[in-house]
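Next, two complexes with chain A in common: one pairs it with chain B, the other with chain C.
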Partner chain A sequence: MSDAKPQALRAEALESLLIEKGLLTSELVDEVVHRYSERVGPMNGARLVARAWLEPEFKKSLLEDATAVVADYNFEGGEVQKLVVVENTPEIHNAVVCTLCSCYPWGVLGLPPKWYKDPAYRARIVSEPREVLTEMGVELDDDIEIRVWDSSAEVRYMVLPMPPQDIEGKSLKELETRVTRDSMIGVQRV
Partner chain B sequence: MDGVHDLGGKPGFGKVDKTGEDEVFHERWEGAVFTMVGAGSVAGAWYHSDQFRHAVERIAPEAYLTHGYYGRWLGGLETLLVEAGIVSRDELEKKVAEMGGADTDLVAANPSDDPDPLGEKPAKPGARRSVKTQPLFSVGDRVRTSKDSVPGHTRLPAYARDKVGEVISCHGGWVYPDTAAHGRGEDPQHLFTVRFTSEALWNKAGFSVSLDLFEPYLALEESDV
Partner chain C sequence: MAMELEGKATPPMANGEIVFEAPWQTRAFGMARALCEQGLYSWDEFRGHLIAEIEKYDAQPDGRGYEYFDHFLSALIQLLAEKQVCRSDELSERTTVFDERPHGHDH
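On to the complex of A and B.
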């Protein structure tokens, strides 16, 4: 008996078979792991958000046609055939989910965190978003409208969070570091 | 398909657990599964991502809830590799046994003895397609979703069936997952974002849920006034 989880062991067995069949190399696995760990991630979305905070024209384009804006950036990671960016305001708070699987805008946010793919978030954010957001640290007044986006087809969603209170005088680079992955999913404030 | 994957609104899951949220892959095998899914697609085990998604939906339900995201992907991948004849169940079991696996281990994969056809290889990458007909609905229309539970793959979650919402955007034509997932062709359909109030979905106030829904799921809701 091995100590590994059964699914880990089975994955290793399948990997070994696919290598024998010439359909895979372990170098490819290492390369893909490296790419998705280092070069694809929420830093891409953070660049869009910080720039939108500073440049009203850019923000307008992002909200009108994020797909076109992102195409110009040529981010690695792909998988965004159509991107919609939704804006948080003092009156409206947005949050993104995929209840049927775990659709997520890879090209701008990288691969999703574990909790996004787990049953609890997927089950609850569409039926009791206020409770879930409170538990995750986002307290919303009762008069704030919550808009949940359940990405059920190929369209992907990203939240444009509200800028921080102390945005005055901050540079683009400084602001980029303030944008978190969770704020672009809609479960955190900046 | 009303499978265990259709999680929206299902009770009993407790709080969101943020453990391990900063690691892209927690163990090497997760990255291997991610890479193998790419390799499986390249090897022609499926043509549309809808086919892969449906294979994940078909895995053992207890594995769906306990094996984690990459465990689910592994289940879908193995299902399609076996159905396509690229890997045989026997050779995989033999390899698992050699590596120390037990007969009692829960296996996620659930290959069918009579699998769907692979269908035609897509002429274009991605899922955007042109549709010859005009869209049936426009922004502002009130639409009612289908009340039918369908046996195969669909993008209309159970919680949004037989509900009335408002069309808030139109996204043009896309490959129809309900047919593409079963090798029955791309049959492109118009796609709409429909916003449902929390009153309509759950009979409570304070929020809305928007879903991207294909034209065949929807019918114009006649106004009473």
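On to the complex of A and C.
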């Protein structure tokens, strides 16, 4: 852990200078922070996943052109210029990473968790995905193929997890609450 | 205010850990996005600087452990210096001034 105080001071000094220069106001920063904390998050991705589980036509559209589907939803958060949704099946398990930094589909998943940005995850999910997934609680049989998708500025990925066993009779709203953020990154099962 | 993005009651938000670990990280993120939304730079431009900072660390870890937002803040400062929006000496000076405030006002 670095000594956070100099960073806190530097951030505060930077904000005060930018305000003096007329480039920012505290209220503007507050507004951005509020927006990302309240309205941008994995609940948006969960809506897509739950609907895809219930509606085959919707699922088809989502897998064919997620960018277009997401545009219709008008989620806030940007960072979803091109979104590709990859489907987990009994034969294939998908997981998402950004090997260079922290690219992540904010509009559907919110901001990335700390471990997603960690050098260990960024490197190891590529070099030894099966081990990493096991450590994260997803044990996969040897005959299941693992595909790891590297998000970038151009394309961001989201996983469509497999539906829960007890999907029968569940409503859209109920299912939305079952979808976890980590399942849409591909490091958890629903 | 430590912002807990996953601290909401909505279950999809409830799993996982917090995104920001300190208020300054929240502010740094807010500033970087706000300036981008004001049109000062594109997010790709910022991302280029972020990648460069992270690569420096990946190539030669400094032994302090990886702190994503340290690199995030450095990338922002670097970009703003290049844009001639905020010089590094200006920032150092202001940081020193803040550091020397009487105790109890250094929040």
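The definition used in the following text is that the second predicted complex is superposed on the first by the 184 of 190 C-alpha atoms of A that agree within 3 Å, B and C clash if a C-alpha of one lies under 4 Å from a C-alpha of the other, contacts with A are read in each partner's own complex, and residues count from 1 in each chain.
By our rule, contacts are C-beta pairs under 8 Å (C-beta built on N, C-alpha and C of every residue); 3 or more make two chains touch, one makes a residue touch a chain.
Quantities reported herein were computed from a predicted structural model and do not represent experimental measurements.
Legend: residue contacts after superposition of the two complexes on their common chain; A:Ala46 is shown touching chain C, with no touch to chain B. Applying the stated contact rule after C-alpha superposition, one finds that A:Lys21 touches each of chain B and chain C. In the superposition on chain A, contact of A:Ala153 is made with both chain B and chain C. When the shared chain is aligned, chain B comes close enough to touch A:Pro129, but chain C does not. In the superposition on chain A, A:Val179 contacts chain C only, with no contact to chain B. In the superposition on chain A, A:Tyr121 makes contact with chain B only, while chain C stays out of contact range. Once the two complexes are laid over each other on the shared chain, residue contacts for A:Glu12 go to chain B and to chain C alike. Under the contact criterion defined above, the residues of chain A that touch both chain B in one complex and chain C in the other are 1-2, 4, 6-18, 21, 23-24, 28-29, 32-33, 36-37, 41, 100-102, 110-111, 113-115, 117-119, 153.
Looking at the complex, you find that chain C touches chain A at residues 3-6, 8, 10-13, 15-19, 21-31, 33-35, 37-38, 40, 43-44, 47, 50-51, 54-55, 57-58, 61, 64-70, 73, 76-77, 80, 85-86, 90-91, 94-95, 97-99, 106. Put simply, chain A touches chain B in their complex at residues 1-2, 4-18, 21, 23-24, 28-29, 32-33, 36-37, 41, 81-82, 84, 99-102, 110-111, 113-115, 117-124, 126-127, 129-130, 132, 135-136, 142, 145-155. Touching chain A in their complex are the following residues of chain B: 5-11, 13-36, 38-40, 42-43, 53, 56-57, 63, 65, 67-71, 74, 77-78, 81, 86-87, 91-92, 95-96, 98-102, 105-108, 126-128, 155-157, 159-160, 169, 171, 174, 177, 191, 193, 195, 201-202, 206-214.
Partner chain C is touched in their complex by these residues of chain A: 1-2, 4, 6-18, 21, 23-24, 28-33, 36-37, 41-43, 45-46, 78-79, 100-103, 110-115, 117-119, 153, 176-182, 188.
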